[in-house]
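Consider the two complexes below, in which chain A is the common component and chain B and chain C are the respective partners.
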Partner chain A sequence: MADVTIDNLTKRFGSIVATNEISLDIADGELVVLVGPSGCGKTTTLRSIAGLETPTSGTITFDDADVTDRSPQDRDISMVFQDLALYPHMTAAENIAFPLHADGQQVTGTIDENVEEVARATNCDGFLEKQVSDLSGGQRQRIALARALVREPEVFLMDEPFSDLDELLKRQLRAEVMRIQKERGITMIHVTHDQEEAMTMGDRLVVMNDGEIAQIGDPDTVYSEPSNLFVAMFIGSPQINRFDCVVAGDGVLESGDLRFELPVEDAEALAGATGEEVALCVRPRHLTWSEDPDDGALAVPVTVIVTEQIGTEDIVRCETEDGVEVTAVVPANTLEFGEEGYLVFDPDHLHLFDGYDDSAERLN
Partner chain B sequence: MSTIRGTLAQFPIPDRLEDRNLAPYLLVGPAIATVFLVTIGPMLWSLWLSFNRWKPGSLAYQTPEFTGVGNYAWLFTTQRFIDSVINFVYYGGFGVLLQVTLGTFLALALYNYVESRAVRIGLITLFTVPMMYAPLVAGRMWQLLLLPGGGVANGILGMVGLPSVNWLGSRWLGLTSIMIADTWQWVGLPLLIVYGGRASLSDSLYEAARVDGASRWMMFRRITLPQLRNLIVVAAILRFMDAYKFFDKLFIMTRGGPGSATELPTFFTYLVGFQDFNIGRAAALTWVLGLGSILTMLLFWRYVQTVEGV
Partner chain C sequence: MATGNRALPTVGKAFLALYAVFAAFPLYWTLNTALKPLELINTFPPTLYPEVLNLSAFQWVFSNSRAVSSIIDSLIIASGTTILSVILGAMAGYAFSRHANRIDPGGNVSFWLLSTRMFPPIAVVLPMFFIFGWLNLQDTHLGLILLYLTFNLPLATWLMRDFFNKIPVSYEEAAYVDGYSQLQTFRKVVFPLVRPGLIATTMLSWVFAWNEFIFALIITGDNVSPYPTIIPTLILSNQILWDQIMAMAVVVAIPPTLILIAFRKHIIEGMTLGMAEV
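Right after this comes the complex of A and B.
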């Protein structure tokens, strides 16, 4: 396995900039997840690493070798494709053996052994002789994984391979991939638009937007200290609550009729910014319900409009008098439609950004 | 009747007919009668004739006269017919092989190596335009190109100092020349079929193969060819069916000659039927050729199914 260095990678398709000067270091044996909405450049980045796209500028290095101009065949990589790209006219076993045949060095006996070994590791030894067209979605997925794992490549790439599976299977396969990745110390780069998948799988997340990297960090950091407004809005489910405010004075924000007096340490970040636009964000988990909040607490008066039960908790969607929607997570069955009260902010988990657009940077 | 609306409902079928259930027969009757009159009837008649001696132009057999399997016996003991079958095996076998192989090769070369879409479409058009020529015209053109004296082909040979060749003047060379003329005209068909098939294959298959480390040759052998196999067989069957009834270029380019050296079974049948007016023998010939072609197609089909293996 190798470490991967991407340096100032830019890829243009005509006038469209798919990735704009991306730089990224991936350590040997690390599982990095590229996550972002459709069109953010994550797949282009992955395909550039694979050699399926030729960068407009920038370099890609495996260990110390510059592979930018090498064909995929000469990069020693494995990849699981979004549509899996299994060879439809072959059996499962023939699919798995294909990369070994392509290597051209192994004798038939060892090929069979290798195929069986990887099939056991990915739980697909039960249907090796079946034709691809006779396999279920989950089985195909396992074959695609097995085909990618049968060699020991320098880098292992995955392009949203789980997106077509049902939730249960998705979780199961995710867990298996992570187990194999850790066991074998694979350098793995995984692309997904599913922020939850990214949070559960990644050693590190690379959050991308509009062809640029918005934030790189471990899942906890990205969740608790999003570096800009886009990351805050994209990561976390249910989505973070956001109030577009104007600084009204020392540590005081106003949004319509709402008035927020910030705790001292957050107030400092706003010193001298009176009149500036600031987005105040707080995650639904950091809101609590109160009929009668303490004086001086940060709270907004709301009415409950929808409750959704998720196990032991409810997601409660509320509305302020001005029609601003606020979401909170509260213990199950504590609130009902139409109830009126206050949502109180946890002062330790406020996020402030210096504007209203995606690139607005974190202030506190 | 209540469910029929609109125009039809204004002309209800009389109840009396409906009661006797004659209506369906009356409705499909004309179509069945037509099929019988123009297809099945004549077929059965020709089958009957193939067991008769009938030569309308001669004194001896002015009316059909039953001879049992006489016509068939004559057929299989006539060297000229057997030679024409051998000619057909050569012409059909190598001709179809040549057209399909060349068409496949051109299609894949165009798809993989010609980057400009305009150039690609231009070349495909060039290769397919000859299909629109009347076969007789194409045949005449090639005949002129291959004329022993004054033909373009020999002219070119002369310019580089090579001796002239009598392209249509002997059995195998003559058949080969006709084969080449027909390939020129028809290579566009397998080309179009295979090109369409290749264009519909998912790019991600090839991306996966590249990532897996496959060489170009391996992608061709292990992915392109198996994926296109059925289409290639279809193209071969279409060309083979055409080879069976092949007539026009042969008629214009060699007339089966010199002597009967380049005769194909269809041409021989034409001579027996329309030159000698030996209708009974010609009928026997058409039945042998017809059954032969059906048998070949069944074998083709069987082959396709066994290779598919499921």
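Right after this comes the complex of A and C.
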């Protein structure tokens, strides 16, 4: 396995800029997830690493070898495609064996042994002789995975292979991929639009937006310290609450009729910024319900409009008098439609951003 | 309700049976006429089967040098034009399918190709006659092969483009990533999947060239004469040699029929590329 260095990668399709000066270091044996909404450039980045796209500028390096101009055949990579790209005219076993039949491929042991071994590791030894068209979605997924794992490539790439699966199967396969990745120490780059999948799988996340990297970090950092408003809004489910405010004075924010007095440490970040636009964000998990909050607590008066039960907790969607929606996560069955009260902010988990745009940077 | 459901297929089957008779009768009558002696063909009422089996018309088809060489000419021309149009059409179709935005922006080039099929061929018969005269291609196998190529190539290109379009690009990319060169990828992945399409295209090209009449009549003459140009010569001023015409028709219908039966599965597959499930 190799480490991967991407330096100032830019790819333009005509006038469209798919990726704009992306730089990224991926360590040997690391599982990095590229995550972002569709059209953010994550797939283009992956395809550039695979050699399926030629970058407009920038370089891609595996270990110390510059592979920017190498063809996909000469890069020693494996890739699982979004549509899996299993060959319908071959059986499952023939599909798995396919990479081993390529010219110049070194195979230790017989091809059959290799196929059987990887089939056991990916739990697809039960349907090796079937035609691809006779397999279920989950079985196809496993075959595609096995085909990519049958060799030991420098880099392992996955382009949203789980997007068509149902939730349970998705979780199961994710866990298996992570197990195999750790066992074999594979350098893996995984692309997904699903932020939950990214959070559960990645050693590190690369959050992308509009062809640029919005933030790189481990899942915990990206969740608890989003570096800009886009990342805050994109990562986390249910979505973070956001109040578009104006700085009204020392540590005081106003948003319509709402008034927030920030704790001292957050107030410092706003020193001298009176009149500026600031987005105040707080995760639904960091809100608590109160009928009668303490004086000086950071709270908004709301009415419950929807409650969604998710087991031990409820997601409650509330509305302020101005019609601003606020979401909170509360213990199950504590609130009902139409209840009025206050949502109190956890002062240790406030996020402040210097504006209302996606690119607005973190202040605290 | 239940009776209705059962009655409908019965009505349907009866209709299909009727249609089968309707479609098969001319074929039967061709054979029937070919096997009758000439003087019994025009009897009224006609007999539904040959009362006296007469093979002289078939003997004529297989022994008359003009008849035999016309069938051989047709075989050479149809096969030659088919091989060329399928090879060239497959290559062009692949290019149109995989590199459309480079060679065919807006789809104008491929549409122009198709439009040549919409043009009434009869309109160019006379110009073709003179052009082929200047090029000394009149009355040669090559002349007709090239002429039919101009009709078959656009069709083959369009069909093959569609067949290639049904094969996801990711299939090829997956093979590249696994270390296969473009040529190997084509051989191992693309060709097996496009084979039913190739067979269907081959069939259509061949049948067109085999059956074409007008250009064959205009361009060829003494040295080369495909079978469709021989049949009209059997209509003499004082009588029509129906038995020989029909025997000829039966014989020339055999090759396409055999090919169709042999490749029936592939031709049906050709419509779905055998992967409707994927």
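As a working rule, the second predicted complex is superposed on the first by the 357 of 364 C-alpha atoms of A that agree within 3 Å, B and C clash if a C-alpha of one lies under 4 Å from a C-alpha of the other, contacts with A are read in each partner's own complex, and residues count from 1 in each chain.
The definition used in the following text is that a residue touches a chain if its C-beta (ideal position, glycine included) is under 8 Å from a C-beta of that chain, and two chains touch if they have at least 3 such contacts.
All of these numbers come straight from a predicted model, not from anything done at the bench.
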Superposition on chain A - do chain B and chain C clash or fit: clash
First (chain B), second (chain C), both or neither touched by A:Leu52: both
Chain B versus chain C as contact partner of A:Ala85, first or second or both or neither: both
Partner chain(s) touched by A:Ser71 [first = chain B, second = chain C, both, neither]: both
Which superposed partner A:Ala102 touches (first chain B, second chain C, both, neither): both
Intersection of the chain A residues that touch chain B with those that touch chain C: 50-52, 71-73, 77-79, 81, 83, 85-89, 98-99, 101-103, 147, 151
Chain A residues within the chain C interface of the complex: 50-52, 71-73, 75, 77-79, 81-83, 85-89, 98-99, 101-105, 132-133, 147, 151
Of chain C, residues touching chain A in the complex: 168, 170-171, 173-181, 184, 188-189, 192-193, 274-275, 277-278
Residues on chain B engaged by chain A in the complex (per definition of touch): 202, 204-205, 207-215, 218, 222-223, 226-227, 310
In the complex, chain A residues that touch chain B: 50-52, 71-73, 76-79, 81, 83, 85-90, 98-99, 101-103, 131, 147, 151, 157
